[in-house]
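After this come two complexes, each holding chain A, first together with chain B and then together with chain C.
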Partner chain A sequence: MNITEKILARAAGKTSISPDDVVFVNVDKVMVHDVSGPGVIAVFEKLKKKGMKIEKLWDASKVWVAEDHFVPSADMVSAQNIVLLSEFTKQFGISKHFKYGMGQYGICHTLSHEEAMVLPGEVYVGGDSHTNTTGALGAFAAGLGHTDIAYVLLNGKIWFKVPKTLYFKLNGKLPNHVMAKDFILKIIGDIGTDGAAYKTIQFGGNGISEMSIEERLTLTNMTTEAGAKSGIIEPDQKTRDYLDIRGAIKYDEVHSDIDAQYEEIYEYEASELEPIVAKPFSPENIAEARDLTTTALDKAYIGSCTGAKYEDLQAVARILKGRHVKIRTEILPAAISIFRKAMDEGLIKIFMDAGAVVGPPTCGACCGAHMGVLAKDEVCISTTNRNFPGRMGHVESKTYLASPLVVAASAVNGKITDPRDLK
Partner chain B sequence: MKPFKTIKSIAAPLDKVNVDTDQIIPKQFLKLIQKTGFGQYLFYDWRFTKDGLPKEDFILNNLKYRDSKILLTRDNFGCGSSREHAAWALLEFGFLVVISPSFADIFYNNCFKNGILPIKLENKKIESLFRTDSEIEVNLENQTITTPNETITFEIDGHRKKTLLEGLDDISITLQHEEKISQYEKSRIIY
Partner chain C sequence: MNGGVIKYERDNIDTDVIIPGPYLKIHDYNELAKHAMEGLDKDFHSKVKEGDFIVAGRNFGCGSSREHAPIALAYSGIKAVLALSFARIFYRNAVDGAFLLPIEIDENTYNNISDKDSLEIDTEKNEIKNLTKNQTYKMKPFSDLIGKIIAAGGLFNYKP
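What follows is the complex of A and B.
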């Protein structure tokens, strides 16, 4: 069995399972945020109206809550939602509630790894499609709808059809001008936005062993854009070190068997990868950055769970150091712990010296919520994950998706720019 | 959830691939905390101009399809964000069946939780439905779609078929066994 099958088998109490088997698994961790949380509360309210008593959750210690989409409160309705979420966690005794402006806070998927909320070998479900992100730590991580999350909160179990696995092998270390974002955009371009529908994408090979945990998280994060049920990477010493400094030392790693089966194996040579940009209006609509150098831009956005981790900010700083931005550039670190580190290490100063604005952690404009949304006809290059019509604001705005290096280089030139071509 | 009955209606043809949940229900409407009120915002940016007037060329603004209960569409319907509001909006607008060659996974699951029947059909059969311009009948019990010209069969998981037909939701099903669950919990040896 491969890692995904082994994790699901263990959680189902079975010794062996195969793709397409339907298994009822015990869940280890559940997450909701300020959109899915109120959604779950709405489901609970409906059940209560039908006469059901809901007095306790299956296990409040396994549930955690983030506030990220509409914070800082975008308007009165979102403020009300945050209050509702606090009442919810208080009522059910959920102590892991990352309240905005109280200690650690930020985007849920970023907190999942920054705070080691999810560990190797676990089954983790979240009320958000990018829950796949945390699979980079060697967990089974998948997004669910509000009703399914409500079900897990009450029962601690959920059924899954065991997904088939597509294995993406990366040979060699990525060149300096190429990031994990380029690799995943290339994959989505190659297999399409439904290329992995109902399937798991697993990454491996010596190119992945060479890659940092944060870069690996970019890969699993955007498996969602290929339609994947989950994304996963086998844990190794880098995973252990990453978790160790976050105080997580006890967990049961799972690894693929030597004779593990995959539905398909794709191989990529790191040395052949180029800086990639996904053009409007789909993440699969890719081109090489060097083929788009005449595309004029109005704005650069560096944010989200995909593209505002610490190393993403380091990449941006590499480019912006000693340079000035030519277009509006907004940088929103994905969690306050990352913001603080960027401040302590001098990155924030580099950004401000370059003329960019630095904002608080939030999903913000990535999902078109607030804090930097786009006007009609505005053209943005962004480190985020989706560029559907209207995703970041007006339906007639345009978003190009790219790596932090390409976005920063483009901010300096005002046009789409390959980082190698920056003067 | 209401039990799923046989549906007879004209199918609204939405001839697009990769329809994502941002288009089904745009982000500005996600803040509502109740489970209702989303139908009026379904496909908002496609249905309305910036002044809030109906766009005449959008299929759901065609009077012929206004009361349609069946949505016919293309590959990878419901991709993108996991927002269950997408299923809520479709249901409230009146759609009880969505027919497509393929669905995004989370959306597909969300449909069943809300009494919507998502039907996966191979492209050849979808083409034939796109050419049908009269009422069709969807019979879940028999797993058939009947048009004036043909009867098409479709596959569906047995458990999901049962829950839709009986209008059961997963949570209610489990809690029907509440007594047994608590007996089991009590008898379990605590290590």
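What follows is the complex of A and C.
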């Protein structure tokens, strides 16, 4: 069995499992945020009206809560949702609630790894489609809707159809001008937005071993954009070191068997990869950055679980140091811990000297919620993950998706720019 | 089930157009319904009728995990979405929350059904009758567990 099958088999209490088996699995961790949380509360209310008694959760210690989509509260409705969420965590005794304005908080997926909320070998479900992100630590991580999350909160288990696995092997270390974002955009361009529908994408090869944990997280994060149920990378020494400095030392790693089966194996040479941009209106609509140099831009957005981790900010700083932005440039670190580190290491000064604005962690404009949404006909280049019509604002705005390096280089030129071509 | 067809001849109809991001903070289901399909079809709310079906291409409901998507459609009156394929979270949200039926159809059926056709769907026989064109198509049967959850009226009513 491969790593995903082994994790699911263990969680289902079975010795063996095959793709397409439908199993109820025990869940190790559950996440809800300020959109899915109120959704879950609405499901609970509906169940209570039907006569169900809901007094406690299956295990409140395994649940954690993030405030990310609409913080700082965008309006009165979102403010009310935060109040609702706070009442919910109090009522059910959920102690891991990362509150806006009370120390560490940030985008749920970023917290999942920054705070080592999820560990290798675990089954982790979250009320958000990019829950796949945390699979980079060697866990089975998948997104679910409100009803399913409500079911998990009460029962501690949920059904899954065991996914087939697509294995993406990266040979060699990525060149300096290429980031994990370019690799995953290339993959989505190659297999399409439903190329991995219902399946798992596993990454491996010496190119992945060379890659930092944060870069690996970019890969698994955007497996969602290929339709994948989950993305996963086998844990190695880098995973252990990453978790160790975050205080997580006890967990039960799972690795693929030597004779593990994959539905398909794809191989990529790192040295052949180029800076990639996904054009409107789909992450699969890719082109090389060098083929889009006439595309004029109104704004650069550096944010989200995909593109505002510490190393993403470092990449942006590499470009912006000593330069000035030619278009509006908005930088929102993905968690307070990252914001603080960026401040301590001088990155925030570099950003501000370059003319960019730095904002608080939030999903914000990535999902068109608030904090920098786009007007009609505005054109944005963004480190985020989706560019469907209306994703970042007006239905007739346009978003180009790219790596932090490409977005920063484009901010300096006001047009889409390959970082190698920056003067 | 009987109803009219609202057909969108496109693939990858994503959750951002089914119910745009700014409405995610809303959990009043009837209010959400007013904004269903707003990113793709401004007229949807005025033309949809109770019992209608949406017919669409591949990968319907891709994108986010927002349960607002099947909720907004269901509270608009949509009883089933007939598509060439579905994104996984939309599919399970529709079934587990008992909001609407996600029905997989083949290319031939997709091409034969037109906007405004009247359909009759029989999930026991796995048949779709096109009353306007006097044709009958096969739908892909629900898998074992999905069929049981639908029959129970959602995941919370299903006893494993």
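Note that in this section the second predicted complex is superposed on the first by the 423 of 423 C-alpha atoms of A that agree within 3 Å, B and C clash if a C-alpha of one lies under 4 Å from a C-alpha of the other, contacts with A are read in each partner's own complex, and residues count from 1 in each chain.
Note that contacts are C-beta pairs under 8 Å (C-beta built on N, C-alpha and C of every residue); 3 or more make two chains touch, one makes a residue touch a chain.
Being a predicted model, the structure only gives us computed values, none of them experimental.
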**Q.** Superposition on chain A - do chain B and chain C clash or fit
**A.** clash
Q: Applying the touch criterion given at the start, work out whether A:H109 contacts chain B, chain C, both or neither, answering first, second, both or neither.
A: neither
Q: Have a look at where A:Y151 lands relative to chain B and chain C in the superposition and call it first, second, both or neither.
A: both
Q: Using the touch definition from the top, say if A:S282 reaches chain B (first), chain C (second), both or neither.
A: both
Q: Using the superposition on chain A described above, determine whether A:K398 touches chain B (first), chain C (second), both, or neither.
A: neither
Q: Answer with first, second, both or neither: which of chain B and chain C does A:H177 touch in the superposed model?
A: neither
(Q) Touch test for A:K164: chain B only (first), chain C only (second), both, or neither? (A) neither
Q: With the two complexes superposed on chain A, say which partner A:F24 touches: chain B (first), chain C (second), both, or neither.
A: second
Q: Pick out the shared contact residues on chain A: the ones touching chain B in one complex and chain C in the other.
A: 35-36, 38-39, 41-43, 47, 52, 69-70, 75, 77-78, 81, 127-129, 131, 143-148, 150-151, 193-194, 197-198, 227, 229, 282, 367-369, 386, 388-391, 395
Q) How about chain A: which of its residues touch chain B in the complex? A) 35-36, 38-39, 41-43, 45-47, 50, 52, 69-70, 75, 77-78, 80-81, 84, 127-129, 131, 143-148, 150-151, 154-155, 193-194, 197-198, 227, 229, 282, 367-369, 386, 388-391, 395
Q.
Residue numbers of chain B touching chain A in their complex, please.
A. 18, 20, 22-23, 26-28, 30-35, 45, 75-76, 79-85, 87, 102-107, 109-110, 113-114, 169-172, 174-175
Q: Enumerate the contact residues on chain A facing chain C in the complex.
A: 22, 24, 34-36, 38-39, 41-43, 47, 52, 69-70, 74-75, 77-78, 81, 127-129, 131, 143-148, 150-151, 159, 161, 193-194, 197-198, 227, 229, 282, 367-370, 373, 386, 388-391, 395
Q) Can you list the residues on chain C that touch chain A in the complex? A) 12, 14, 16-17, 20-22, 24-27, 39-40, 58-59, 62-68, 85, 87-89, 92-93, 96-97, 143-145, 154-156, 160
